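Structures are listed in the sections that come next.
In the two complexes that follow, subunit A is the common piece, with subunit B as its partner first and subunit C second.
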Partner chain A sequence: MVRVATPVPWCDGRDGMYGWIWRHLPGNVWVRALISLVLVLAMVYVLFQYVFPWAEPLLPFNDVTVDNQ
Partner chain B sequence: MAVSVFGELLITAGLVLGLFVVYSLWWTNVVADREAHKQGDKVRDGWAQDKGGPGALDTKAGIGFLHVPSMKNGEVLVEKGTSTKVLNDGVAGYYTDPVKSSLPMTGKDGNFTLAAHRDGHGAKFHNIDKVRKGDAIVFETKDKWYVYKAYAILPETSKFNVKVLQSVPQQSGKKKPGQYITLTTCTPVYTSRYRYVVWGELERVEKVDSDRTPPKELR
Partner chain C sequence: MSVRVVVRTVSELCITVGTLIVLFVVYVLFWTGVKADNAMDHQIDELQKQWSKGAVAQGTQAPSGDRATASPKPPGPYTYGKPFAVMYIPRLGFTWNKPLLEGTATDVLKKGLGHYRGTAQLGQTGNFAVAGHRRTYGDPFKDFPELRRGDAVVLTDGTTWFTYRIDKGPYKTLPSDIEVIDPVPRKSGYTRPGRYLTLTTCDPEWGHSHRLIVWAHLDSTQPVEAGKPQALRR
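Then we have the complex of A and B:
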């Protein structure tokens, strides 16, 4: 395991994809934290606006009518 | 590295599923209620504007409001069709397929068949299990209040059971033609495995007065 210069603050030494993203964000810890937050919010937006509305009809949770099919 | 990425993907998947629950049970209600409100206001404005004139029935915008006091959910706008697109706006839809609903305004015998969501997208029929025999189901149009009384409940049936929509719903015990209303939604809550059905029969029709005083069942 390669020790990295600025690992994710709470998991010293270990590295995953979030660690990789963290290391590739510019700026100091605060700037990175801010960018991370924006990225997370952007992900939530994309999920709520596009992914979930698309996935919902494919899942058997919300059919309310009786029909022949 | 590979193991860390795999673990992180699992955590991410868990979070996404959690978000999906939030989306289904909360966010879709927010969006649907907003939309239902907007469309409901439009219908009321339309009613207010052409007072007295020969009312051309505008089925596109919604034909009226359903009030079921025992569901404790205020008024539910009723629109044409039971497609996902219609129902997701937080309204109840009347069936056009597989069995065409009859409409109370025609005054003819038949079955006014409706569907709405149990959870999410306004969850307009969430409390359908609170409706007891004898409870009032009131449908409000521009100039009439149609007061129905629930007389039969089918707490669980197959989603293929289109017989519940018959113009004389024999499954509810009726043999003769009459003016019926049928509410359908999914059950148990949070799933769509079965359908829950409530049947009502028209008790009386009241004319809307100038103050739109609701019938005594809604007061």
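Then we have the complex of A and C:
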């Protein structure tokens, strides 16, 4: 499918969130792919470092004591 | 809004949430273990360092120590969140050894087993109570149900080896049953004060509706200079 790069506003509903990000990344396909990869890794880092450590204690695996100190 | 937009949005959301869930499972099953293993190794290293320093200090201190107390000096108060002993349970694996920290808060249990604050100290009269993760964070007590009467639970605080022998367990109870860590635990079968040890973990494996308990009594002690206790020899 050939997509013509037109100055379409972001809210035209032409493609979804990922398509929107992809269109707004600079450079050619390879540069975009590289930036995407970096973004994905950054996302995983933030999740593992901050979000999951916060969410994990909300699950029951931590309750191993009898008095819930 | 066209159907196309709705379908696309829902699809993208599904993919995003699915990826999040997969990543979270990887985090819980795998990454917490990696982190805990690192943290536990670090705690044990810290203890070894402390003990190698302490051994020298004790050697110089011994002659000047007061003779009034015939029994070995009781250990000082444990510092919250700091390691003070290493536990070995041969039944859980010949190489199974975990650091033991003071406190049972969530962040303490990420670094090793936790000693209930306010319960007896190692080797002292009373109930030395310890909690550990069944699953996640290195799965220290994964094989808890395998423990049987007569199994050894060996601990060292750097100067002494303490060998406890399991008397009863695994005993399943409710999380609110705090009497299991009493000095003379109810339902343990013990009738008078003694040097006891209690291990607690969660049950079922991935749940939190119940707790599994094991009780043990102090069987023997020996100074570290005497080498490893019988239970740890092969």
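The rule is short, and it goes like this: the second predicted complex is superposed on the first by the 53 of 69 C-alpha atoms of A that agree within 3 Å, B and C clash if a C-alpha of one lies under 4 Å from a C-alpha of the other, contacts with A are read in each partner's own complex, and residues count from 1 in each chain.
Everything below uses one rule, namely that a contact is a pair of C-beta atoms (placed from the backbone, for glycine too) under 8 Å apart; a residue touches a chain by one contact, two chains touch by 3 or more.
Quick caveat: nothing in here was measured; it's all calculated off a predicted structure.
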| item | value |
| --- | --- |
| Subunit B versus subunit C as contact partner of A:W30, first or second or both or neither | neither |
| Which superposed partner A:W54 touches (first subunit B, second subunit C, both, neither) | neither |
| Contacts of A:M17 with subunit B and subunit C, given as first, second, both or neither | both |
| Touched partner set for A:V66, first subunit B, second subunit C, both or neither | both |
| First, second, both or neither for A:V44, with subunit B first and subunit C second | both |
| Set intersection of subunit A contacts, subunit C complex versus subunit B complex | 15-18, 44, 47-48, 52, 55-57, 60-68 |
| Partner subunit C, residues of subunit A touching it in the complex | 13, 15-18, 44, 47-48, 52, 55-57, 59-69 |
| Sites on subunit C touched by subunit A in the complex | 1-2, 5, 8-9, 11-12, 20, 23-24, 27-28, 31-32, 103-106, 109, 114, 116-117, 131-137, 141, 173, 175-178, 180-181, 200-202, 206-208, 211, 213 |
| Interface residues, subunit A side, partner subunit B - complex | 1, 14-19, 44, 47-48, 52, 55-57, 60-68 |
| List of subunit B residues in touch with subunit A within their complex | 1, 4-5, 7-9, 16, 19-20, 23-24, 27-28, 82, 84, 87, 95, 97-98, 115-121, 125, 157-162, 164-165, 184-186, 190-193, 195 |
